[in-house]
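Look at the two complexes coming up: subunit A is in both, with subunit B in one and subunit C in the other.
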Partner chain A sequence: MIGLIRIELFKLYAQRVVYIAAVVFALLYIFQFYSSLPSAAERAEDRTAFATYGGPLTEAKLQWALDFNDAYEEERAAGRADALLRDLRYRAELKVSMEILNAVRHQEQTMALSEREPQLKQPFQDTLPHSQLFTIPESDFDSPQVYSTNGKPIVIVNQEAWHRIVLYIQEVGYLFAGALVILGLAGSFSSEASSGADQLLYSSRHGRGRATWAKLAAGAIYCVSALAALMLLPLTLYGLHYGLDGWDVHFADYRRMASGTSFGGSVLAYYSLQMLLSALGCIALGWLTMLLSAWSRHLLVPALVAGVIFLLPFMLIMSGIADSPLVLFLLGLFQHIGLIQATYLDRPSFEWGSSFNYNAMMYGYLALSLLLPAAAVLLTLRRKQVM
Partner chain B sequence: MRLTIEQVSRRFKRRQALEAIDCELTPGIYGLIGPNGAGKTTLMRILADVLRPSSGQVAANGTPTATLGERYRDLLGYLPQELGFYSYFTGERFMRYMAYLKGMSGAQAEGRITALLRLVHLEDQRSRKIGHYSGGMKRRLGIAQALLNDPQLLILDEPTAGLDPKERIRLRNLLSDISGERIVLLSTHIITDIEYIAKEVLLLKEGRLARQDTPERILSELTGKVWEVETPAERLGELERAHLVGNVQRRGSDVRARVIAEARPAGNAMPAEPRLEDIYLYYFGDLPEEGGS
Partner chain C sequence: MLDMLALLRMEVYKLVCHRWLPVACLGIAAAAIAQATVLDYGPPVSAWEDIARFPYASGAVYEVLLMLLVLPSVCNGERRWGMLPLLHSTRWGRSRAVAAKLLAAALYTTGVVLGCWLLGLAVHLSAAGAAGWTLPIQTLPDYADAPWALPIWQYTLIQLATNWLGCMAFMLLIVWLSACYRSPLTVMFIGGMVFAVSVLIHNHSDFSLPWALKSLTMIEVLRVENVFSRPRFVHIGDLTLSLPPAWFLLHTLLIAVGCAILAYRTAARREAI
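Now for the complex of A and B:
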């Protein structure tokens, strides 16, 4: 079986079109990344400012942010803001002060002042990364921390890197991943049918059973590797230019993308779970593509049909007809975009206000999206004839 | 092994490709002969378990192949007429892939692959990509893969297509050597491929089994009906209109033609020894050529 899987993988990875597509996607992303990348000096100032005023939020830092913001507002009112903003250090400190104020305002957090129960503070302080404490001015060491309403300390972190890394799959990554999956797997069976190689397969002992399992397994491995390759790009670029510090910070502290999250772990834990679900979503799309390939003798047909199914919700929404019951039904039927984006990971309730458990529904949908095409592929190949 | 074909028919939409084929095959070489469209490939596909009959069944040692499933395919070696290769595979990788598909372990496969590649004279080409192979080399590789699992039933659809005369003779001798305890069914348009090695010949005509017999008995049917006629070239057309004309040799302004006729077709006609080629002409000479099936 391992030998068969290896050969099936070799077939998949021998397709030049996959590499061409991957390179095009990578170039597009790299171009977009560098066209919006701040200068090295600006990033260095940001790092310094976050190292100084970021980390666990203390009352002193909050006061500093309030003062800084007040001063900035005064300068702005006096028309001197532009000149100040040309100073990279000032701009970096303004960013941190805004992050601090947003952290307090947007999540309706309340300050836990010095009279707060000391036992509340202790357990969280123990979990704070020490690296974030050493840059705090010495006079602030004893300053009381600021806590959110759920009792956890508020942490201020430069959100740029992890924010973009986590959102990558939801913004463009899903399109790249879907395209690579469809391109790579559309010919799984159809290319063999069109070349006549299928006769050898189906007349051999394992050609209808084990070989199909091997193809499904290889397809799944391919999907995961394609996603991993795509994900490596933002990780590498942001890691290189921003650093990946803050990986162990609570996901909820990435307020730009996680306001109101119910996820209780670090951003790395969230990202890992998101990638796991995205990989399963890619496999679901991959096996659906393989099923279409098993039904066709032409390479282009499964690629086109899978592409339409994949992009259907996107096209329906773009066409502005997403309100009719039929369209809503179709949107509900083919949710491979949602599966790859894994947006349901942090969305406990249904989009249209229902109290329906959206996560549970999507997990069920994911399971069906994996099982049904795989079973249909196995059944199809068991009965397939060469005409 | 005993392979029984019982009332096998196959219909493709409006066309009846095979109709009520009945025959039994036991170890030995069988030549399947018929013009394009006679149903040879359809029959071979059914026997290779890649196509189901519309009615009837095939049984191996009395058990229907549909019941045997992969146990039947385990007995099988098949070389299709149109064999698609993975052009980016090396010959060796392709053989290994086929070995895995046939249920062989890596260790089992290794020795067998080397032996078979040597047998078909591709040993020194094993690391080359199939895309760089000639048509004949691909055919030989196809034959090698069919032999991988030491099959009890070897089905070869036009195995000599694309082979040069030397390779054809080599294949003929190879099949003769390995046929011993297995059934070898091969279809060909080149009658000489089976003339000397076939235990029996199956003549397929318009989807029906027109004849199944030993070459000797079939040939004896033509005794006294095959003639060689020397005639001026301009009178050849006249001869062709009146009789079945086979090989024609040009000799200056005259031609020497092989003619099949119940009675002496011309005054100077000399009786000739019947050959399988004459049988082909005798049975199928009146049929228009069709596309393959």
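Now for the complex of A and C:
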């Protein structure tokens, strides 16, 4: 069985189109990354500012942020903000102060929504004397911490790297992953069928049993490896230019992407879970492509049909006809984009009325998307006639 | 001449006998009808707004899908089946057979363009009538800034010709790729990427790699709208260059001729190994 899987893997990885596609996607992403990358000096200033004023939020840091923001607003009202923003250090410190104030405002909104008693030890509306120098005395770093509504300290962290890494699969990564999976697996059965080798294969001892299982296993391994290769790209680029600090920070502290999250672990734990679900989504799409490949002798047909099914929600929404019942049915039926994006991981559990559990539905859909194509592939291969 | 016609007939047959082609055509017709049933047709130009938009949006997707379904194996089919030594050892195997392939692909592409246009016209006109066809193109929302004094019906004919030219250039690119690569999947991927990248990049006028990927391929001409909807410019540093429609058409024509020459030479010089 291991030998069969190895042979199938060799066949998959021997396809030149997979490498061409990977190189094209990598070049597109690298170009987009470097065209929006801030200068090294700006990134260094950001790192210094977050190292100084970031980390667990204390009352002193909160006060510094309030003072800094007030002073900035005064300068802006006087029309001197542009000159200040040309200073990279000032801009970096402004970024940190905004992060702090956004974090506290977010806490305030959460408290207002949940109608709980304020749990901040020191409400930031308190009028504290504004300092003229925006530096924190060494002794104040140990001042009391500011806590969030769930009792954990609020942490201020430079969100850029992990924000982009986590959102990569939802922005462009799903397109790259879907294309690689479809291109790699479209010929799994149809290439043998078109060359006539399937007749030989089906008349062999394990041609319809173990060989098919081996193909499915190799397809799954290929999907996982393609996704891993794609995910390495943003990890490497952001790791090189921003550093991967902040991997152990609570996911909820990445407020730009996680406001209102119910996930309780670190950002790395969230990312790992997201990748696991994305990998399962890729396998579901891969096995669907293999099923289409088992139904057709043409190499292009499975690729085109799988591509259309994969991009169907995208195309229907773009065409502006997403309101009709038929379209809504199709949107519900083919959700492989959602499976690879794994957005349901952190969506509110109840949508479309309080009795509908969206997360549970998507987990069920994922399980069916894995089981049904695999079962259909096995059944199709068992019933193939040797002529 | 008769030999050439026989070769051409065989090549056309190979293209159109694709079992999945009728399925794709039916699917496209169903999608176009479904889209027309939910569109909001309103005065003053009724169906013509959607007809003018057809090659820019869904029409371009239908045409490219039909081309990518059939054409990627036009030159590499014999290679994959091991028929190349036989073909090349015949009298016209490296000359007329290759020319027949190119002509067959051109005929197929013309059929695809005409079919898609007929479908678009039939669907939209039957849903909303032909009223408004003599109005100037500036009454179409997407063409409010167009500097051309043309009635809509004349512009529709220009659109058809421009769309055909873009499709022919795209077809020749696919045929060239088909002569270069053994796997039709590779050809389909590269062709699909040329189309998708041009569609996904936003329109802008600063000279850069994204601008080149969008404006220097034949897809802008295939989709027509950006060529005629307003005056086009490109900023190269302090220099501003005007890009009239003739520039786009000439540029696409040159690409088409270049791809045709490359496709012919590559297919004719391919060694049967």
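The working rule: the second predicted complex is superposed on the first by the 347 of 387 C-alpha atoms of A that agree within 3 Å, B and C clash if a C-alpha of one lies under 4 Å from a C-alpha of the other, contacts with A are read in each partner's own complex, and residues count from 1 in each chain.
Assume a contact is a pair of C-beta atoms (placed from the backbone, for glycine too) under 8 Å apart; a residue touches a chain by one contact, two chains touch by 3 or more.
Because the structure is a prediction, the values reported are computed rather than measured.
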Contacts of A:A279 with subunit B and subunit C, given as first, second, both or neither: neither
Touching partner for A:A374 - first (subunit B), second (subunit C), both, neither: neither
Subunit B versus subunit C as contact partner of A:L233, first or second or both or neither: neither
Partner chain in contact with A:L312 - subunit B first, subunit C second, else both or neither: neither
Subunit B versus subunit C as contact partner of A:L326, first or second or both or neither: second
Subunit A residues contacted in one complex by subunit B, in the other by subunit C: 194-195
Residues of subunit A that touch subunit C when the two form their complex: 15-17, 20-21, 24, 28, 31, 179, 183, 186-187, 194-195, 296, 298-301, 303-304, 307-308, 315, 319-321, 323-324, 326-327
Parts of subunit B lying in touch with subunit A, wherever the complex brings them together: 12, 45, 48-52, 70, 73-74, 76, 78, 80, 82-86, 88, 93, 96-98, 100-103, 106, 145, 149
Subunit A to subunit B touching residues, read off their complex: 3-4, 7, 10-11, 14, 192, 194-209, 211, 385-387
Footprint of subunit A on subunit C - complex, ascending: 18-20, 24, 34-35, 37-39, 57-58, 61, 65, 68-69, 72-73, 80, 181, 183-186, 188-190, 192-193, 197, 209
